[in-house]
Amino acid sequence: MNHQLIALLTVMAPLVAFATVLIGFRSKHTVASSIVLISGLVTLVGAALLLFNGPVDGTVFSARWFVIGDHVIEFGVLLDGRTRMMGAVVALITFCIQIYSLSYMSHDPGRGRFFAFLALFEWSMLLFVFASNLLQMFIFWELVGLASFLLIGFWYEKPSAVAAAKKAFIMTRIGDIGLFIGLILLFQTVGTLDVVRITQIFAGEGLPESIAPGRIELIATLLFIGVIGKSAQFPLHTWLPDAMEGPTPVSALLHSATMVAAGVFLVVRFHELFLDAPGTMRFVLIIATTTALLSSTMAMVARDMKRVLAFSSISQLGFMLMGLAAGSLFAGFFHLTTHAFFKALLFLCAGSYIHKFGTNDMVAMGRAGAAGKMKITTIGLVVGGAALAGIPPLAGFFSKEQIIGSLHGPENLIFRIGAYAAAFLTAYYTFRMVFLILRPGIDSEAIEEEPAGSQHADAHDEDHGPAEPWQIVGPIIALTLGTLGAGFLGNRIGHTLLIEHIHHPALAEMAPAIVIALLGVVLAWLDFGRKGARQVGFIARLPAARTLFENRWFIDTVYKAVFVRLAVGFAKLMFGAETRGFDGGADKLGQGTVAAGSQMAKAHSGRLQFYVGTAFVLVAVLVFYLGLS
Amino acid sequence: MGDLTLFVPEAVVLLGAIVAFVLSVIGSSYRVNWIASVIMAILGVAMSIAWLGAAGEPFFPGIYRVDAFSQLLKVGITTGLFLSVLIAGNPGSVREHSRIDFPMFLFFSAVGMMMMVSATELITLYVALELSAYGLYILAALNKRQREGSEAAAKYVLFGAASSAVTLFGISLIFGVARSTLLSEIIATQPTPLMVIGVLLALSGVLFKLAVFPFHAWAPDTYQGAPHEAVTFIGTASKVAAVGVIARLLFLAIPAHDSLVNALLVLCVASMTVGNLAAIVQNDIKRVLAYSTVAQAGYILIGLVSFSSMGVASAIYYAVIYVPIVFCAFLVVCVLGADGSNPTKSSIAGLYQRSPLLAATLLVGMFGLAGIPPTSGFMGKWFLFSAAIKSDLLWLVLIGAINATVSLYYYLRIIKEAYLTPPADETAIKVSPATAIAAGLGMTLVLVMGIYPRLLWELAEAAAKAIN
Amino acid sequence: MTLEAWILFALVLFCIGLYGVLARRNLIAILIGIELMLNAVSVNILAFNHFLAPDPAVGQIIVLFIIGLAAAEAAIVLSIVLTVYRQRAAIDVQDLKELKG
Amino acid sequence: MTSSLLTMMLLCPVVALVATLLLPGRHHKAIKIVNALCGFASVVLAIVVWMQYDRSAGGYQMLEDYPWVPTLGIHYTVAVDGAGVVLSMLTALVFFTGVLSMWSLEKRVKEYFAFMAALVIGVFGVFISLDLVSFFFFYEVAVLPMYPLIAIWGSTRKEYSAMKLTIYLMAGSALLFPGLIALYTHGGIGNWNIVQLAASGNFEREFQIFIYPFLYIGFGILAGMFPFHSWSPTGHVAAPTAVSMLHAGVLMKLGAFGIFRVAMTILPEGAAYWAPSFALFATIGIVYGAFVAMRQNDFKYVIGFSSVSHMGIVLLGLNIWAAGGDAAQAGLDGAIFQMFAHGIMTALFFSSVGFIYDQTHDRDIRHFGGLVSQVPLAGSFFIMAAMCGMGVPGFASFWAELLVFIAAIKTFPVLGVFAIAGLVFTAAYVLRVFGKAMFGPRNPDWEKLVDIRVKSVAIWPRAILVGVLLLFGFYPSLILDMIRTAVAGGQ
């Protein structure tokens, strides 16, 4: 089979599934899910074929699509290391989640639609990844946003879900504007949007001399603003925690291989461009480090399991970007890959618990005996958690090592320290989560502080069927294996990315990170795991810090108070201008005319001599005027 | 003596007057009189059309000229006459015992108007002016509601007499300067300021007829108080005649036209504005139409003050198409006011349910007045405005167009009443066959001249050339 | 008398007539005012005729026409005044303001 | 080659009008069928025109020229360029779907379709006219029927809105009168042919600068140009469904088209001179419309102000073209594409809202909730239209906005940034409507709503419109290649 056909099948199968289901089988759930699963399988097989025996480079398909001025924009499928690797990850994780959803969503009346949207999500992400030009990337970037909007707001009768979807869409769109403007400027600067061309230009061919200084920085910064929105970096990170209002499979997908991954992948895709903008890279580093630290602190005090995972995603995305910004394409991309596995795993585990116990609250889950009743899930949780914490030899460990390793040199010292700190916090809050579920302290203090609103869990009725049906266990096992194994694929990934020399840090280099991760675990053990622990984190004992962290540094509050109010106020102002000014003014003008007419009519008083007199006076005036001139 | 056959159209209309007179004297019924009048009016229209291409001087040299200009206007006048007679089959608003005389006055007045547009000598012109006016004065007094009729007639006649005195004063000044009353000789004279003043004063009588500000104030009152059928005639044919006279007189002062143009511009703008504004708040449909006439007179003046061949052509075009347009509106007034009352906005409410034909006629008439395509009013305005801009009067066109916008407001409100408001009385309105034919004819004329303006426009252009 | 004097005289006469039209309340008086204005015109024309015109007959003919038309006009005005009188039992111009607005 | 295709297309609504007038008023079905047939015929003819148009040659094609008033140089001249083809297609589509979406009309059917046909005659006429007089003739023909259409069949202060709309638009015409005629008198070639006037070179710079605002504002009022837009939302709210579709779908396009075809083509220097100022107004309109829409609670007001915002994009694109420069072509392409996309999209919007309103007689978004689950199809159509409005890829307007924004960043960078920022505000107000009415808890008051039945006439217009939006959304060059020939001939 030729690559063109495989590539087209791979990227288009989900679209076919989406369209078929949406038009024909929205309410025939079994058919709908079957179609989507088949498409997922087709994609998975196709992506695997492309990954393992595809051509290393080149656009395998392109069609004239659009014209801007004199430039033809083509719709294309680009195969190279980055896209093949990412495509395979997307296909694999999506397929796992689709299987998982079979059971998870089995009682939802809208699951036909759900599967359709999943297919749309996959399709958008795939074409984003495989796009041959930046405009195509942008388009599918937007569609990824649209699909996640639809999925976050899937339970659209729940106001919180609708609000979360809206927030996600608008906040990412703010970033998109940066990306869009950056895209246009890039287009103007280099005169092409072709990914390969751009890569070549920035990789070595050199830029035209005429480019104004700072122009590349500007473009890169604008592109990065898009990433900030999409990958939920500070200061546009606040939508992601809310986004778990969607069904848990959606969260799993959103946080691992799609949506947020798109942002990072954009930087991966245009890493050459970013490397040409050192100023921007510093900026990225600052933002990424800030985000990693900030969201770790938030994760430390959250009790909603999905929320903890959401904060951890933000933090890990920060890590990826740190790696990329430090100049290591491999580190960032490696972490993106491994993270996709263990984060999907963690979410699926969380979903499994939630599905069973009907709550998102970790304390409540633990108390309900989560660890005992759901063994496989719990194993998955421990493995995923360990990977997230960076415990060797799991996936997260290697990739995180790569990132920390890339932050060498004195100029990166502060970021390295930040990375260590974030790694420590990650280990701590991950194992806080693990211990809360594994070792529920029945009489621990934590129980009294049931957080409000944690009962919004998406499982509608408790305890249906076996606790761990195969559709749920299967993906968890698969991803657990992936998490266990992915860490060793580093060389393979590097090879796929055409990176010749991968720096494998020596044990001595790795030691601090291992120690720090273990320290975090130990501290978590002391606070939550050991017998008789009060199960109140050390941070929770500092009221000021706790308030700050629990309220997510008040960032949302400030946004609501400042930006939302500003927008509403501005809208009010405009509305007032409309009703009283433009619209009201027009009405006033009309009323004025009518009033003038009324006066005019009154002047026709019916008195003949007044009429004649007026006429004569006016004629006299005119005669006088004529006489003068 | 010239070729007397050139006088045939006028003669036919004069004959119509005589026939009507004889029939009334021998005591025949109104019906007979009316049928005879319709026939004579048709003859008049036919003769005017047949004599369209005629040119020459039927009488003493220099006093009466038959040319493309006069003949086209005569077609307009006789059309107005014909349409007015056609709907007067049962003139409900005319006093019973005066009805029999009604057609005769129409015909006499029409003769006067036809002579007005042919007259090329000041005294002939004046005599024709008075001849056309006298009939109208009487007609205005024939209202069934005599109290209103008499007031309308009194205002009309006194205002008219006063302005005709001014006209005459102007004529005397022209005579004093040019020492002749023949237009051909006057035009050869170097105009002095006194002469220009004389022209302006002489114009006042025709401005009065056309109801141009400040000689307009009689119009609303007279329209309101005079019988509908009479107003139909006043509102149609006499405007055509007045436009003809103004066009002729204006050319007397061409070499010194700057200040005169400025004076007329003032009148033009004031007419449009006053007419449109005052029309907004009217409730009586006839008053609306009266004020709208004032405004329309302003539009016509736009063409005339452009002082170009095209301007005159556009004014002539507008005056001629104006006849069927206004007729459409008045036809509805006549039918609705068949009991002698004046239709108001409330009495046309729901007209559509009561008589779709009348509603459509009203719609066409109103759109024509507002200048909405595909009615001829649109083309008319377009030509007028084109002429003005050719003469660098862009701002005047702007004012005119804004005025047209304002006017749309009250035209639309009338249409709204007719089409939207539910009727108070749902009984269908009976429309006599003659009226139905008249309505169809009116609408056809309005629409055809809007969609196919070419023929009439070329005639108007020829007319404008003839006047120079 | 010079031409100017005659013209001045005619003008004064015209203005007197005009005053009558504008100020008198009686319809007949207004009619008389109009007649005065017409007569002023006649004077005017005759003066021009006498001093300036090449053919003196023209002016005289004009004036004859004016007189004739004035008479006819008077007849019509009077007849209308009569109808006014019939309706209102008065011929005060100030009463004629029912049609207005 | 002479062909009478365009005249035939123009005759479709004329036939509809005449037939409607001749048919007795009580035969509702017959009237509807006749109109639908004529609408369908016009779609077919529009497609034929599309096919026949020789894209490689470009320029004005299918020229027909008959003298109308020859002594004044007035002709009936019709021809299309790429823009004309596209917009004729739009008109035909909206005509056809407009008839279908009023299939259930029972009130005064005859007059309704007569007025609608009259309006469509005008719209077709404008899009194909090359003579200024016939252009303006049709322009006015198109505008006036709105009055009865809104005043009779409308809702919510219908008479006030209808009057306001008409007067506002006529005030625009008041500016056009002197503007258009001045082109003729100053052109000095004795005719009104747009192409010949543009080529005459008789318009010196001062004249262009002086006259251009007359034309721009005069047409701009109909295009919903800020700050003369307020007639438009008011009119939308009052108008019945199909009239809203026509109004926003094609009528507002007439204004923009007039600016393009007349003002900018004939007066390029004036256009370039004024482009920055008018681009500023257009950008204000984009942002302003979005913000005002955020405060509205009436479905139709939201859409009405969204139209102001979207037409701002059209005007911005046109001004970019006028300003010249590298991005001019993209600006124009985008503007015309946006006219088309916005026309279809708004028609879809209104037909969905109309469907709901017909049952509930309520349009306050606060009174609804969970409509997608109550009326899944109608709700989905609404959502799709809204997404198109938000500029979501996959829908036609995405490409249009993309082009305009790309051009804007190049020509007017600051304005471009603001215009692009408008995307966020657009998302904000669209999502607000989603959240309040489409999503959220179901409102028990409307549990009895009936959804669009799959096998009814009602689904056709919506399905067609969605199909068109998606077709050009996924395959934009299909339409873009057509639009691009506009300029090949126009410039």
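The chains carry the letters A, B, C and D, assigned in the order they are written, with residues numbered from 1 in each.
FYI, a residue touches a chain if its C-beta (ideal position, glycine included) is under 8 Å from a C-beta of that chain, and two chains touch if they have at least 3 such contacts.
Everything quoted here is computed from the prediction, not taken from an experiment.
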Using the mean of all protein Cα atoms as the middle point, what chain has its own Cα mean nearest that point? D
The distance between the C-alpha centres of chain A and chain B, rounded to whole Å, is 77
Take the average of all CA coordinates in chain B, do the same for chain D, and state the distance between these two points in whole angstrom. 41
How far is the middle of chain B from the middle of chain C, if each middle is the mean of its Cα atoms, in Å? 26
Separation of chain A from chain C, taking each centre as the mean of its C-alpha atoms, in whole Å: 95
Per-residue overlap in chain D, given as positions that touch at least 2 other chains: 167
Would you please write down the residue numbers of chain A that are in contact with two or more other chains? 590, 601, 604, 606, 608, 612, 616
Multi-chain contacts only, two chains or more: what residues does chain B have there? 154-155, 158, 162, 166, 220-221, 281-282, 409
A full list of chain pairs that touch reads A-B, A-C, A-D, B-C, B-D
What part of chain B is in contact with chain A in the complex they form? 154-155, 158-159, 162-163, 166, 193, 196-197, 200-201, 204, 214-215, 217-218, 220-221, 258-260, 262-263, 266, 274, 276-282, 406, 409
Can you name the residues of chain C that touch chain A in the complex? 18, 21-23, 93-94, 96-101
Can you list the chain A residues touching chain B in their complex? 590, 593-594, 596-598, 600-601, 603-604, 606, 608, 610-612, 614-616, 618-619, 622-623, 625-627, 629
Touching residues on chain D, where the partner in the complex is chain B: 67-72, 111, 133, 136-138, 140-141, 144, 147-148, 151-152, 159, 163, 166-167, 170-171, 173-178, 181-182, 184-185
Sites on chain C touched by chain B in the complex: 7, 10, 14, 17-18, 21, 27, 30-31, 34, 37-38, 40-41, 44-45, 47-49, 52-54, 58-59, 61-62, 65-66, 69, 72-73, 76-77, 79-81, 83-84, 86-88, 93, 96, 98-101
